[in-house]
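Both complexes below contain chain A, partnered by chain B and then by chain C.
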Partner chain A sequence: MINLLSRTIMMGTPLLFGALAEVIAERTGMMVTAIEGIFLMGAWAGFVGGYLSGSLIVGFLSAMLAGLLVAGLYGWICIYLKQHQVVTGVAINLLVAGLCSFLYRVIFGVPITPLTVSPLATIPIPLLSEIPLLGPILFNQTILTYIIYFLAPLSYFMLYKTSMGLTIRSAGENPEAVDVAGINVLTVRFLTVLLAGVMGGVAGAFYSIGFLGMFTTNIIGGRGWIAFAICFLGNWNPKGAVIGTLAFGFAEAIAIYMQSIGNSALFPNELFIALPYIMTIVLTISRKSFNVPAKLGVPYLKEN
Partner chain B sequence: MATAFFELRGISKYFAKVIANQDVSFSIQRGEVLALLGENGAGKSTIMKILYGLYKADEGKLLKDGREIKIDSPKEAMELGISMIQQHFSLVPAHTVTDNIILGNVHGIIDHKLFREEIKRLAELYGFELNPDDFIRDLAVGVQQKVEILKALYQKTNLLIMDEPTAVLTPQEAENLMGFVRDFTAQGNSVIFITHKLKEVMSVADRIIVMRAGRVFGDIKRAETNELELSKLMIGRDLNWVTKEDRQESIDQEVRLEIQQVTLQEKTGVPALKDISLTLHKGEILGIAGVSGNGQQELCEIVCGAILPTKGKILLDGEDITERKIRARIDLGIGYVPADRSSDGMIMDMSIAENMLLKSSYAKKWQKRGFIDKQKLNQYTWQEIQDYSIKAPSPETIARGLSGGNQQKVVLAREVDNGEKVIVFDQPTRGLDLGAVNHVHQVILQERAKGKSVLLVSTELAEIFALSDRIAILYKGEIQGVFNSAELTTEKIGLLMAGFREREVKSDAG
Partner chain C sequence: MQAKLRDLLITNILAIVLGIVASGLMLLFLGKNPVSAYSVLITSVVRDSYTFADIFVKATPLMFTALAFAFTYKANLYNIGAQGQFYIGAVIAAASSLWLQNILPGGLVLMITLLLTMVGGGLWGAFIGFVKARYNSNEFLVSMMSTYVALAIMNYLLRTFLIETKAEYPQTDALAASVWLPRIIPGTRLHIGFVLAVLACVGVWVLLYKTPLGYRIRAVGYNAGAAEMSGINAKKLYILAFFISGALAGAAGFTEVNGVQHMLVQGFNPDLGAAGIGIAILANGNPIGIIFAAILFGALKVGGTIMGQMSGIPSSIIELMQGFVMVFVILSYFVRTWLENNREKRKLQKAVAK
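So, the complex of A and B:
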C-alpha cells in the first residue's frame, strides 16, 4: 500500500507540472491545447539531450527549451495571428508526433534494442524520510517531486496574492480591463504560454528520462490531455489541480501495479491502463459547477 | 484666456479609408466641464480614445499646458493624469471592487488589507457608498460606474473622460453623478463627457463641443446657446418630432394580448420574471420602462415564444398560446424587433432579401417549384427598401455593409409585416442617430394607427413618454405599476425604476 501511494506521488508529479502550467495559462484566457505536443517534445528532447551528453541535467534543459519552442509556436499562432486555439493545438500535436519519431530515427536509426539512459534516482531526504508511513510516501522521491512541492503553493500564492496574479486572472476574465490599465494583454498571454511550455517540457522529460529511461513515440499517450483535464476539473485553481492530480496519479499507480503483478485473470490489464482515461470522462461529466475564465479561448482583438 | 490644460490641434484619424476624425481642434481648461455632443458615429468616442492613448492619431498634435506631448498608450495617459471611463465598463465581474481598482497600479505582493482601507477612505471622501469586498458581478450598474470613477480617482486623475455616462443610470443616479462632476471640477479638475443628450449638456456643461461626421461644428459656452441651436448643429437639419398631439387618443377597449401571472424561473433559482400580469389592447402602445437587465428581454422572449414561462398563461385574442412554439406565434401575427439586432435580429453576412425571408422561409408564397422565388423576393424587398427609405443599392446588398440605422430598418420592415396583430419592440432605437430614431418612431405610430398592438421596451424615458399610451415599470422582474402616461412624471418614474413601490413614491416624492 505504501508502495502504491508512493507511486501515486511519483506519477502525479509530471501531471501536476502540466496541470499548473495549464492553470496559469488558462487564467489569462489561453487554453494550451498543444500541451500533449509539448509533453512529447519534452520527452523526446529530454532523452536526446540526456543520452547524447550523458547528463540528465542537460536532458532536462533541452526538454525545457523544446517545450518553450513548441509553446512559442502555439502562442504566436493563437495570440498574435488570432487563430483558433483548439484547431491550432491539434495541428501542432500532430506535427510534433510525426516530428519526434522522424527525428529519433534520423539521429539513432532503428536500434535493435531500445536505447536507454539511467533515469532519475530517488533521493531520500534525511530525517523526513524516516517518518513512519508519510516518510517513504512523500520524502523518498526524485528531485522533480520536491520541486513541485514548492511550485504548487508558489503558483497559488502568485495567482492570488501578487499583482502579477491579479493581472493574469484579469486577462482571462476581461482583457479590456487589463488593456485600459496600460498592460499589454498579448504579452501577458504569450509569457504565460511560454512558461507553460517550459513546465510542460519538464513534465514530458519526466516520462523519458525521469522514469522509464527511454523514449518511445507513444510514451506520452494522452497524459498531456490528462493534465489539460485536471486543470478544469480543478476549477482553474492550483489547489484543485493538486487534488485532481492525486486522483489521476493514483489511477496510474494502480495500472502500473496491476501490470507488474501480472494479474490478468480477474481484470484485463487494458482496463487498468485505460483507467485514467475513463476517469477523465467520468469526472468531466460529473462536475456540476465550473468557474471558467470568462474569455477562455477567445482571442483578444483590439480595434485600430 | 490662460493656457489650456489640454489641447487637441488638428487631429485626424482614419479607419481603413473611412474618416473617423478630421481636423479636430479644441481645448479644455482646468476646472471646466466640457461636453462632447454629437450623434452616434460622429467621432466623439474616437477622438477621446486618441487622447487616452487607445488609438493613434494619423495627423495632429496633443498639448498639455502649452507643451506638446505624446500619448501612445493608456499608461502614458494615466501618467499625465488622464482617465477614461468607457461606455462599456472595463471591470472584471468575477473580481472584487478592490482588485479592480488596484489592477495595474500595484507591484509585487498585494497587501489586501492596506488597499481595502485606502479605497474605503477614498470612497468616503467623495461620499460613495461602496464595500471594497463586493464582487462587481453583484453590483448594480450605477454602483459599477462608481467603481470606475473611484479607479480614476485612485490614479490621481485631473482629467476625467466619461463616455455616455448616464446611458445606464436611473434619473436619480444620473443626478448624483452630475453632483459628483460639479464637486470634482470645483477642486480644479476637468471633466469631458461624451453624450448625445441635450438636457444633460444644458444642466452640467460649461462649454460644449458639437461634433458631426468626425468634425467639430461648434465650440460654444453653455450660457450662450440653447437646446434648439445645439440640436441643429448636431444633426445639420430640422426634424419633425413626434409629439403627443400627433396621436389619436382613442384606444380600442378590445383586449388583444394578455399576460397572466407569468413567472420565469432561472436555472440559478432566481426568478427573472415574477408574477407578471399585463393587458395589451388593440391599437395601443404599452411602454415598458426600466433600467436594462431587469427582465425586459425575458418578457419580450416570452411573448414571442423564444422561452416558455415557468408559470402563468399568455392569451392572444382570448386563445391560450402559452405552449405555442415560435413559428406558430409568427403565423399568429406576433412580430419581434429584438434589442440586439446583430445577434438576434439578422444574419450580417446575408443579403437584405435573405434577411427578409428569415422568419418565413417555409412559407409557400416564397416558393416556386420547391426553390426560392428569387424574383418575387427581390421585388418585395425592393418595395420595402423604398417604403422604409433604406439606403441600399439593391436587395442583394449584404446586411453588414449597411449602417446601424439602415440595418434596424430592415428588421423593422420584416417584423412589421410579420406582426399582423402584435409587435414587440425591444430598444428599437438603441444606437441609432436622431434621423433614424425619428423614422422608427413614425413607423411605430403608423402601426398603432392601423390597430396593431405594440409592446415597447425602452430604457430611454423620453421615448417611452413620447410614444406610450400606458406605461408599465419593470424592476427586478416585477411590475412596479401600470400607469396612463399622463399620470407619470420623470421623477416618479425614476423612483419606480430604482425599485421604490408606488406607495413609497407617493409618500416620498408627492
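So, the complex of A and C:
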C-alpha cells in the first residue's frame, strides 16, 4: 500500500507540472492544446540531451528549451496570428510526433537494443523520510517531486495574492481592462504559454529520463491530455489541480501495479490502462459548476 | 467572392508546397538529397497503376474521418475522437464479418456490416454529444478521452474474443473473400469503398447546405444562442451531429477492414483521426474540398511509404510532411484574412477618394 501511494506521488509529479502550467496559461485565456506535443518534445529532448551529454541536468535543460520552442510556435500562431487554438494544437502535436521519431532516427539510427540512460534516482530526505507511513510516501522521491512541492503552493500564491496573478487572471476574464491598464494582453498570454512550455517540457522529460530511462515515440500516450483534463476538472485552480493529480496519479499507479501482477479474467489490464481516461470522462460529466475563464480560447482583438 | 476563391487556392497550394519543402529540408539531416529523393518518389508513384491506385485507397478512410471532424465543426463542436470511433467501427466490422460470413451471402453481409459499423461508431460518438447536451461536458475533452477507451476496448477484444485461431498475434482471422469489398480496378487495391467515401462527401455537402437539418446545424454553429431563440433545439442537434460524425468515422473502419486489411490488426492506422482534422482544415470544412484534400494526404502517405522503403529514410517522414502541411495551412488562414482585410481597405480608400 505504501508502495502504491508512493507511486501515486511519483506518477502524479509530471501530471502536476503539466496541469499547473495549463492552469496558469488557461487563466489568461490560452488553452495550451499543444500540451501533448510539448510533453513529447520534452521527453525527446530530455533523452537526447541526457544521453549525449551523460548528464540528466543537461537533459532537463534541453527539455525545457524544447518545450519552450514548441510553446513559442503555438503561442505565435494562436496569439499573434489569432488562429484557432484547438486546430493549431492538433497540427502541432502531429508535427511534433513526426519530428521526434524522425530526429531520433537521424541522431541514433536504428539501434539494435533500445538506448537507455539511468533515470533520476530517488533522494530520501534525511529525518523526514524516517517518519512512519508518510516518510516513504512523500519524502523518498526524485528531485522533481520536491520541486513540485514548492511550485504548487507558489503558483497558488502567485495567481491569487500577487498583482501579477491578478493581471494573469484578468487577461482571461476581461482583457480589455488589462489593456486599459496599459499592460499588453498579448505579451501576458505569450509569456504564460512559454512558461507552460518550459514546465511541460520538464514533465515530458520525467517520462523519458526521470522514470523509464529511454525514449519511445508513444511514451507520452495522452498524458499531456490528462494534464489538460486535470486543469479543467480542477476548476482552473492550483488546489483543484493538486487533488485531480492525486486521483490520476493513483489511477496510474494502480494500472502499473495491476499490470505487474498479470491479467485476471474479471479485471483485464486494458481496463486499468483505460482507467484514467474513463475517470476523466466520468469526472467531466459529474462536475456541475465550472468556473471557466470567460475568454478561454478567444483571441484578443484590439479595437482600433 | 472570386478573389476569395483565388486566395484560397493559391495560399493552400503554397502551404502544401512549403510543407513538402520543409520536410525535404529535414532529409538533409540524413545526408539525403531531397531533390533526388522526391523525384524518385514521384516517378515511382506514377510508375505503375497499383501504386497510383493506392493513393485513392489511402484517401478513402481519410475522407471519412475528415468528414467526421468537419461535420461537427459546422455546429461549432469539436469531435477530435474520430480515431476512437474509427476503432469501434473497425472492431464491429471485423466481428460482424467473421460472424456472418458463413451464414449469409457476401453482399448482404457487407450491407449489414456497413450499417452496424455506422450505428456503432455513431452511438460511440452520440455519447459525446449526449453528455455535452445533458451535462454540458466539454466535448473536446470527452471525445479525446473516448479514443483511448476505444483503443483499450479494441486491444482487449483482440486479446480475448476476437483473437485469431492460432492465438499467436493480437489480430483476427482473415475474412473470407466473399466479404471483401469488390475491387474497382483489377490488379490494384482500389475498392468500392472509395466510391462510398466520395458519395459520403457529396451526401454530407447536400445534407449541410441543402436540407433544413443542415441549416439548423449551421445555425447552431454560427450562434447557438440565436438559434435557440428562433426555436432550434440545440441540445438535440448536438447529439444528432455527433451521431452522424461518429457514424462517418465508423464507416472508415468498415472500408479499412473489409476493403484493405481483410482482418483486424492491433493498432493499425493510428493517425487517421489527426490526419482527418488536417484534411478538414485544409479543405476549410467543405465536404467537396475534403475529397481533394484527402487525395493529397493519400498521396503523401503513399509517397512517404515509398520513401520509407528507399535507402534509409524513416517512414516517420509521412507524419512530418502531414504535420508541416497542417501548420502551413493554418498559417495560410492568417495570410488569407490579411489579404482580405487589405482588399477591403483599398475598396474603402477608393470609395472615399471618389
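Following the convention adopted for this analysis, the second predicted complex is superposed on the first by the 300 of 304 C-alpha atoms of A that agree within 3 Å, B and C clash if a C-alpha of one lies under 4 Å from a C-alpha of the other, contacts with A are read in each partner's own complex, and residues count from 1 in each chain.
The working rule: contacts are C-beta pairs under 8 Å (C-beta built on N, C-alpha and C of every residue); 3 or more make two chains touch, one makes a residue touch a chain.
Just so it is clear, the structure is predicted and the values come from calculations on it, not from any experiment.
Contacts of A:Val242 after superposition: neither chain B nor chain C is touched. In the superposition on chain A, A:Val180 makes contact with chain B only, not with chain C.
In the superposition on chain A, A:Leu120 makes contact with neither chain B nor chain C. With both complexes superposed, C is the one of chain B and chain C in contact with more chain A residues. Judged by the touch definition given at the top, the superposed model places A:Ala25 against neither chain B nor chain C. In the overlay built on the shared chain, the residue A:Ile230 is in contact with neither chain B nor chain C. Of the two partner chains placed around the shared chain by superposition, chain B is the only one that A:Ala294 touches, whereas chain C remains out of contact.
Judged by the touch definition given at the top, the superposed model places A:Val193 against neither chain B nor chain C. Residues of chain A that lie in the contact sets of both chain B and chain C are absent, per the superposition on chain A. The touching residues of chain B, counted against chain A in their complex, run 15, 54-56, 73-76, 78, 84, 86, 88, 90-95, 99-100, 102-110. Residues 26, 29-30, 78, 80, 131, 135, 137-138, 140-142, 144-146, 148-149, 151-153, 155-156, 159-160, 271, 274-275, 277-278, 281, 314, 316-324, 326-327, 329-331, 333-334, 337 of chain C are the ones that touch chain A when the two sit in their complex. Per the touch definition, chain A reaches chain C in the complex via residues 73, 77, 81-84, 86-88, 90-99, 101-103, 105-106, 217, 221-222, 225, 228-229, 232, 268, 270-271, 273-274, 277-278, 280-281, 284-286. Residue ranges on chain A touching chain B, taken from their complex, read 161-163, 166-167, 169-170, 173-174, 176-183, 294, 303-304.
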